[in-house]
């Protein structure tokens, strides 16, 4: 029973617990907070496995930026009241739980039966890399060499996402100013703007 | 013999015309009409070149060309005509300008209409002159698409239903044929789609039967043989006039043509095996089509069912194993194309005048439009096989050929001739005779000069084939004889083999 | 360095993924559903990191990077859609958006 | 064209045949296309349309050509001395074949557009063109006011052409062209006034009933092709008389051909169309439904005589004879009570045709042809006489509304009288000779039953014809007060007079001399035995007595006071009344046909169209579509619109895929 074991055990419980708590949290804000806890717990598991840079990203980007965005939207829309727990779709809950149980069983089965197929190099290789040249530098080398093209592609993805968001959230009145029925020549169809 | 490849020009000229029409300005509908008319007339003129170049004395296929198309897959562009396909090609190119004339008043999207009509012509001509099964299948399916749109977009009433039915029926059949073609392709060594190569392939009779059924499914639907015929009345009825004319005049013949060009030569053992079945279906078709036609209330439907009966004669003649039956069947295809085409045109004209096809809506037209009714009667007589007109020659030869080998089958088949008189004359009576009961019928106009121009060639040919079929038969006979021998290697085309001949006696047992 | 077998990490990832999936199915608030999707993505990240350790190279960690980017883009677009819908319907309930059917 | 057989230079047979057959055809075409534009001209204050004149001249021209042909053949006969020896020398038959062009040639089967000129065809061509010319002339007057005048004459010319084609056909197929062609013209002329539903229906009925006969004819042709390998009449007859056709096949072939004749010549059971055919213009009835077309069957049977003779045990001929005799009797029975003058004549025609078939069935083919010719004369005469009466009485055909018309229509009355005496069989009128020949042949062959039927029919014939004549022309003048009967114009009475003359002397063509009709036809038709000596005289006397008694009976019943009282005393419900009522109802044959054939047929057609086709076959087709639609209808419920449902299915898919993975890879580790 090493310290690592103990830390993992605690993290395991915290991660699963906060995830489950998310499911039962009736308030969206609470759910978001539980998600933050789960993400922090995950960051710990990353650290345990020597993925320092990723762990840092996890905290900064996920727990920080993205979750703030979530909370921001929740507040913006004012949906931070308690959600109704009634399930209008029949069979949705039992189906979800049943399928979830099956999925969990299958994943566990595969993990423990098929782990050997992957082969375990042990943590030494990562530890060695973390020592020289260091985790960040090693990740950067891989990212900017072998994964350069996908990396550049993600930039496009982000740009598209940004443009998409701008289009999606533009208010109708902005467009209507540009194109009112009076401005159009007689008989021309008024273009419907889908928002 | 001229150096010009008339046949290939004829096949692709309409397609070029279709493209041309597609690029014409949309504003001027007349331009599209005239372009279509000129292209179809030019195609007809080119096909006259085919007819002139055709050497009746030569056996086999002629006037075609051969080129490798997709070498790795054994696909070639091979065309050619013999005495059978020659007349099918001629029939197509002849009916096409008439079809264009019959569509003169199409007002809705004329450009698309005429382009599709021309594309259809290329498809039909290709079907009749392809000697490579890939090419054949390609053209075969090409005909389907324009027809689907012609019915579905320019048809009447339940046109969507009719178009879907037409499409699905034919497609189901032709997919089965595709499977059989693919099988043949892989059975042929080296793999090839060429008809000549496939003919050299030996197949066990069990295999032949399955493949034959695959081809038969496609052709039987197209002909159509009872009980695969129910798409036909709907399609004929709802199609625009030119569509009906092409459908009855040419497309149905593609089925019969396919039977004798591909199904019989490729699978002779299987064809022999299925002869009783097919003869039975054909005879049932003759009687059944006629019986059902008697009680139809819609003129076009009535004619459609008469097509079922007439095509029964065609198929019957092809499978009785005598050259009389075969030649008669082929001539009957031409005859039926002319008379039924004319009938559809006439009904189309009636529809343009009265906007109805219901027999009950007419009556006494003989008094108000005497010339029209005279022409109608003339075509009706040709359709019921009055001797001296075209329908008789084919029917007589088919029945004679049938009698020589299967004397009992001829009894119901010949009775179809009586039934034809019943349904057509009764319909004629209800439409043209009796008093004028509806005020609307009293006001309609007789034929105009455009209509006379498109009917006159048909009427002339109806008489010409009836009185002097020799030019037709002289070219058909050698080709027909070859198919008969493929079906029955013991057949002797120069002899009349009949009930008193010992051989036929054995067969009858 | 590590004594914890990688299977445990993978099991944790699998369980969290399952919880995320079930949660996405049972909750009706679109924002909460999105959170569960994030949870599932995180679980996958854990699996990637674990695989990276098992294989002894950094490809897994780099993939986490990509997942992160995709998650960010998805969240941004998804939340924008939710905002748009909310403007129309004043509701973030996914069951209210059910016209596209049959 | 084969003239090698001719010893003396013959005329141009090709040209003559073409003239006879094609000129009427050309005229028909011309009149159909341009007839409407033709004008009229005036003769003696009467408008005469050119269309009629053209038709008459065309037929006349054909007649002249036929005469030329006839003269030439007679010349050949005389030069060869073939006549006067009983004509037994069949090899001397003078026949010419005119080959126009090849018609159909497929494999071993070939027919040409060939025409056969021999004694029989020439004689009949004379009758057709001669009577045809007269009737066309008559029609000018009769059809004068009809708006479709030119069409009538076009049809008439077309008919003449088709009929001549039928007669001259060298092979059965050319004959068949004419055969159906005359059927077509009959259809057109019966339905000439197609605005009247009755006329249209009658026309259609005629065509369809004829088609049934033609169906049989077709089958007969097929059998003969199969048996002989040719449709050439000479070949078939040679094969039949040479014994190359087995008796059984000859019987079947003969009966099938006879089936065609039964349809065309209106014999039992297909006679029903002929009485209805009276809806057509009367001159057309005279030409088509009395003189020429309906006799085509008689001609054809006579022409194909050797096939009938080759039949096993004379079965075919026996059938022909009995069908003929029974038809003669049956139609005569109906004619006795009919009031419509045209229908009386129609039934009388059916009856007389029965006589001709009786002659054919006895093997007395030339006797049948003889009766055909005389019948053509007097029946055409009477039809036109009836037409003249209708013309005078505003198209009245009910004899109960007529009487004493001879006083106002002397020429019509007198000529009708001649026809009446001829058909009744009074010496020396034409009908006597021909009918007597048939009866005598029956007696000579020992067919006493047939003779008896024939004799009884002769009695009925004399009775109903007298009834017709006496009621219409004799007695007190009687007609609707608003009509003013008048004699017909010269275009109408001239043909009547000519035919009247022929009805008187027509019998002379068979009087015993060298060129008598029977001898002339012997090379083609063979000869038959007739009684000689006292038997012949006694038989003739008996026939004459029967005819006279028939006339006397009718005169008693319809012209005397006591007869009228006797008729008035007829008890309703007595056996005689029942018989008369049945006869008046035409023995309900049409109704029986309708109930047994027409209505079941229609029901069957309705069943096929709206049950088998619409429900059965289309039911399967639409059912396949409906099945797919039904399945889709179920499956589309999955598309609920709830995103979470889709997500659940998504998860289900993941689980299933993982399960498949596990099962596929098997127990891991």
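Each chain gets a letter, A, B, C and D, in the order it is written, and its residues are counted from 1.
Methods note: contacts are C-beta pairs under 8 Å (C-beta built on N, C-alpha and C of every residue); 3 or more make two chains touch, one makes a residue touch a chain.
None of these values were measured; they are calculated from a predicted model.
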Query: Going only between touching chains, how few steps reach chain B from chain A?
result: 2
Mean-CA-position distance for chain D and chain A (Å): 99
Message: Centroid of chain A to centroid of chain C, CA atoms only: how many Å?
response: 4
Statement: Whole-Å distance, C-alpha centre of chain B to that of chain D, is 36
Field: Chain centre separation in whole Å, for chain D relative to chain C (CA means)
entry: 96
- prompt: Listing for chain B: what residues touch at least two other chains?
  reply: none
Message: Where in chain D do residues touch two or more of the other chains?
response: 642, 644, 648, 651
Statement: Going by residue number, chain A touches two or more other chains at 89, 92, 95-96, 99-100, 103, 107, 115
Field: Each pair of chains that touches, named by its two labels
entry: A-C, A-D, B-D, C-D
Interface residues, chain D side, partner chain C - complex: 636-637, 639-644, 647-648, 651
- request: Going by the contact rule at the top, pick out the chain D residues touching chain B in the complex.
  value: 32, 101-109, 113, 173, 176-177, 179-181, 184, 187, 191, 194-197, 199-201, 203-204, 207-208, 211-212, 214-215, 218-219, 221-223, 225-227, 229, 245-246, 249, 601-602, 604-606, 608-610, 613, 617-618, 621
Statement: chain A partner, complex, touching residues on chain D are 642, 644-645, 648, 651-652, 654-655, 658-659, 661-662, 667-669
Statement: Per the touch rule, the chain A residues reaching chain D in their complex are 89, 92, 95-96, 99-100, 102-103, 106-107, 109-110, 113-117
Query: Which of the residues in chain A come into contact with chain C in the complex?
result: 2, 4-5, 8, 12, 15-16, 19-20, 22-23, 28, 31-32, 35, 38-39, 42, 45-46, 48-51, 53-54, 57-58, 61-62, 65-66, 69-70, 73-74, 76-77, 79, 83-84, 87-89, 92-93, 95-97, 99-100, 103-104, 107-108, 111-112, 115, 118-127, 129, 138-139, 142-143, 146-147, 150, 154, 157-158, 160-162, 164-165, 168-169, 171, 195
